[in-house]
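The same chain A turns up in both complexes below, where it pairs with chain B and then with chain C.
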Partner chain A sequence: MAVPAARRTTAARRWHLSEHKIAALVLVTPALLIIVGLRIVPLVLGAQYSLTGDGDRNGLFVGLANYRTLLDDPVFRTALRNVGLLFLALPVAVAVPGLLATFLFLKVPGHRFYRSVYFFPVVLSPVIIGAIFNILLSFDGPLNQLLGKAGIAPVDWLGNSHIAILSVIGVHVWATFGMALVIFMAGFSTLDQSLLDAARCDGATLPQTVWHVVIPELSRTIQFVFVTTMIGMLTGMFGLVYVMTAGGPGGATYLPEFYIWVTQGQMNSPALASAASMVLFVLMLLVGLAQIRLIKRATKEV
Partner chain B sequence: MPTASGSTTRGIRGSRRGWFAAALVPALALVSAACGAAASQTQSGSGASAGGGKLVVWDWHSGDATTKEYYAKAKADFEAKHPGVQVEFVAQPYDQYYTLLGTAIQAGKGPDISMFNGGAQMRDRATSLLPLDDKVGDLKDRLVGWDAFRKDNATYAVPVTLQGFPFYYNKAVYRKAGLDPEKPPKTLAELQTACAAIKKSGNACFNLGNKEGLGIEFFLSGFGPGVFGQAQYDAWLAGKRDWKSPEVKQIFDLWKKTNDEGWYNKGVNSTAMFMDQFTMFSGGKGGNVIGLISDTAHWKSFDEFLGPDLGVYKPPVSNPGQVTSTFLPAEGGIGYGVMKWTKDPALAVDLVKSLASTDAEKSFFEKAGAIAADKTVDTKSVDVKAAGEIVSWLPDSKPLLHTALSAKTLDLMHRLSQQLISGDVTVDQVLTQLAASDK
Partner chain C sequence: MRRSGFGRWVVAIPMCLLALATIYPMVFTLNVAMKSRREYVLDRFSLADHLTAANIADAWNSSGLGRYTFNSVLVTAGSVALLLLLGSMAGYAFSQLTFRGRRWLFLVCLGALMIPFQVIMVPFFRVLGQIHLLDTHVGLILAYTGQFLPFTIFLMTSFYSRIPAEIVEAARVDGSTTLGVYRRIMLPLGRPALLSVGILNALFCWNDVLISLLVMQSEQHRTLMVGVTALRGQYSDNIPLFAGGVLVAALPVIAIYLFFQRQITDGVTAGSTKG
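So, the complex of A and B:
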């Protein structure tokens, strides 16, 4: 049977199309396999593992027992509370580089010097930063000596259960704000100079210029800095906690990551650690989704 | 030319297909590798590193300069008996050791032999270790400290060193405070008098770093022999622990009271025990410290700095109603266990025996300052008075109180000890929580 010419071309086109599809599929396969094999599969294994027991009950299905243990564990609750504290500290962590970048943009005296100095801590590893601040903040360290000269009683920055977490967050902000500062500087460079000139002609004061011109113009940059800073806080503080307080005093500076590490290594309870990892994963997922929404809304506005 | 063009197309297609295949091969290899990794998790024992006549030992000491001779001797001893078998010592960082080992255990592959601290860390991992009772009969009499490596009447590791908590003191600090440097305190009352005098002279009476919460372990096990009566001490070790007893309360009250009375250096909760606490003591900034007898922070490391000013005493009698004399709390310190996935257990046991040989242990003692688990090691060659005294106290010693506790209870105790110092919790609350954890 002779095939009509028209149908033959369609068939050929179809074959070509699907060949393109195959080519595309083959090209993305390595990347897909890496993501599936190294990300998704371990995630699923971890989720499944979190439903099994530890020690004598190793490998046995225990349902949600690990999650109940987590809920009852005051240390894990402290870790989650400290995550809440990180959220509260977020505006500060964004405002500090924002303000400093504004000063640099306004070319305060010595701005070139400050620009490089502010970035400097970013290149140091958390362990080194932790070690430096261990010395600075120790009970008989320089900071307390300075306070002593001013007639203020010494503070146990890393040994007081109410202050230690604030010290660690403060050091983290100090160590990482340089990166946000660079992003802000990049944002400033895209600022429309004519708007600033117009504001000046209209007689706007500096705070008015910042509030009505700079901040709306930089809204996308600010949101981006919010996202990256939050991710940095949730994932990048292990080193500092490990070196500066080891989770203490009294478990007051535990963060989920540190809890997972201690539970797996020191307590020899990998399944419980998996459950804690899943909680952290869900937390990060929620934060990530909320922030993606924010970014989308922001980009639509502009 | 249609044929030619057709063949060209086919040629391109053919080469493209080959290209697809080339792209697929590594991709498939990746999948099979991933499956292999996932599968080996379940079948523990496969893929152990013993094979081709090689034994892998994990420890946290073989990288030290002071233990070089010990490892060289042990290796030579083993290789003389088993020529052709390779031995590899892998030094892991101590603060990561049990995390790394836990991961290895989870994966079912790792070293053939592992170093362990006696007590909780080993007992928690006993299911991954071979019971050694029928294999080390010839070592039983020569070595001491087995209790720390036993769980449910089975022995899982061979002790190499002993660990204990003597009270070290600095005679120069005692002299400065107007105290007799040759008469260390024998009772808690004498210690309190001494502390008041030392504090007055401008030094800390004790150096203490509780950043990791380890201070309470030293305190509980250090003061325990002077507080607990004999029966209570033995019952505690046997697992019958009454956290609400007046004696336990006395120890935790003392922990809090000594801090409130200013026995310690400032900033206890933010001072690291290793090595800040011991550096302070070595630097002459404190009168006393509860130290170790092996590994680190021991007579040899203090002797380097304090020389003849270093003194040592046994736990003070704190409860004269029940205790008339005290002993040095000491037990098996570190030992070697054989992981159950090793291919040739007999070979691995032989290496453990070499690691516990008298000759090797002797250089561990002389060079690294570890009190050996081997009773037959001649200790006269070392001319440090404190070492001689410690060795002379060993026959009467009893195991440490804190190593009888689980890792979970110890972790809780670390945190609670910090909270006691910062005043966030009362002694009664602490004991209630510990009793609930230690079931």
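So, the complex of A and C:
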């Protein structure tokens, strides 16, 4: 090699720099194209559609008319009221797995077994879960037969408009509490054991330890579980509703996501469905404000 | 913090009951699937007379489950392959390379995490129709890739950011190009993360019903989960047969859970304890 050493390194560096940039472009572009094209552009388009009309007024600007129609639609109002019920169920859906994780962390015998069992329904499709509970909760099904043996009148779990939504939410919580549980357990594994030892040396009782050591130390995990559980409730229940009640009886088990699907497809009112999508998105954003903070923290590490 | 004797059992008993409540619906369904229609009508809870896969086989043969399974396998495999390829490429770039706008672009990817499919469903449907991909396997694969790519990038980036810079430097000194480092170092070293993310994505795609309902409109293109929702009407008067169909659809997931439980729980908790 006759090339002088100095020249070689500069040339190499110059080549390296541009090669590096081209490589970064090649690596990132396909993913970004998909994310921008299939998620961000549709989001913007959706916001735009929500301000246009359906049917004869297809594509025409109608201002906020769709949003007004939504608020006047009793079915959509039921969907929003059901979201309120989800918010009410949220503390339970977080506290139960939190409590269970605490027990498991304190090494109840066989904690690994419990963890596997509790998490199992999480991996099953809502369709499978819904189908199983369709059998269990049907009016002439096994649960009512069991109640009958105990002398209790049968309950129309999926056919009574007041009870059906509670059944669906209950099944969702049953099917997903394992998710919150493993997140809590991952949080516990980062807990400083010496703090717990110190609490024990000071003679703290279990509730005192939980209140003064575990909850403050795990505040981020708890926040994360609140956000993911609520997002799961807002966006993960379509399959259950679709299989268990199909929105019925009389629209009593509608949730925003189900409303969007029906309005888009069966009702063929994509603009109205887009307006409902935007309402759901705002709900998500409100819940996600906490998540944005989590994301910011994550990006700092990169 | 080991509690002893009495106190331990006070918590162990409810936990045991809850474990039973978690697993029992599945056991019940399995039992029902073994029964004849007559047996089920007479007594919902009695144990099946004998172990038989007759209902499972009947459900498989008398409905389109075979075709639906083929569709699900095809779409899931295609989506996972694409997700792992694009996710690991972007994850490598975001974690190991410096380029202008890196942080900002990463934020775009993460921001997309907060857009659920329900929110973009209507325009997505229209766009897919305009590019003639509605009711095609490719269209559904693209839909799943768009849906789960942000999550995949997030996990791959956080995994790759733990690979020490010295390893990458060493390969560079040996004359590897940036893309060579991806092929020779990032892909092999990323195997545990790719396995975990891959299994999670496979579950997401396999279990989905909303996106599949929207994209796949003809009966012959149905995925398995949509097929199961149709079984309900088909077998409404024959619960054991219905249970057999449900079991067929659940079996692959149960098998994956038994083998890869650790990878699944590692994956879902990966984003929770950071920072």
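One rule holds for everything that comes next: the second predicted complex is superposed on the first by the 253 of 302 C-alpha atoms of A that agree within 3 Å, B and C clash if a C-alpha of one lies under 4 Å from a C-alpha of the other, contacts with A are read in each partner's own complex, and residues count from 1 in each chain.
FYI, contacts are C-beta pairs under 8 Å (C-beta built on N, C-alpha and C of every residue); 3 or more make two chains touch, one makes a residue touch a chain.
On a predicted model such as this, the values are computed, not experimentally measured, just so you know.
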Which superposed partner A:L45 touches (first chain B, second chain C, both, neither): both
Touched partner set for A:S219, first chain B, second chain C, both or neither: neither
Which of chain B and chain C A:W261 touches, first, second, both or neither: both
Which superposed partner A:G288 touches (first chain B, second chain C, both, neither): second
Chain B versus chain C as contact partner of A:P30, first or second or both or neither: both
Most chain A residues touched (candidates chain B, chain C): C
Touched partner set for A:P270, first chain B, second chain C, both or neither: both
Set intersection of chain A contacts, chain C complex versus chain B complex: 23, 26-27, 30, 34, 37-38, 41, 45, 261, 264-265, 270
Residues of chain B touching chain A in the complex: 16, 20, 23-24, 26-27, 30-31, 34, 38, 96, 98-100, 102-103, 106, 124-125, 127, 210-213, 266-271, 407-408, 411, 414-416, 418-419, 421-422, 424-425
Contact footprint of chain B on chain A as seen in their complex: 22-23, 26-27, 29-30, 33-34, 37-38, 41, 45, 55, 58, 75, 137-140, 154, 156-161, 164, 245-246, 248-251, 261-262, 264-268, 270
Residues of chain A defined as touching chain C within the complex: 19-21, 23-28, 30-32, 34-43, 45-46, 49, 100, 103-109, 113-128, 131-136, 141-142, 145-146, 174, 178-179, 182-183, 185-187, 189-190, 196, 200, 206, 209, 220-221, 224-225, 228, 231, 234-235, 238-239, 242-243, 256-257, 260-261, 264-265, 270, 273-274, 277-278, 280-281, 284-285, 288, 291-292, 294-295, 297-302
Parts of chain C lying in touch with chain A, wherever the complex brings them together: 1-3, 8, 11-12, 15, 18-19, 21-23, 25-26, 28-29, 32, 44-45, 86-87, 89-90, 92-95, 97, 99, 102-103, 105-127, 142-143, 145-147, 149-150, 153-154, 157-158, 161, 177-179, 182, 203, 206-210, 213-214, 225-226, 228-229, 231-232, 239, 242-243, 246, 249-250, 253, 256-257, 261, 264-265, 268-269, 271-275
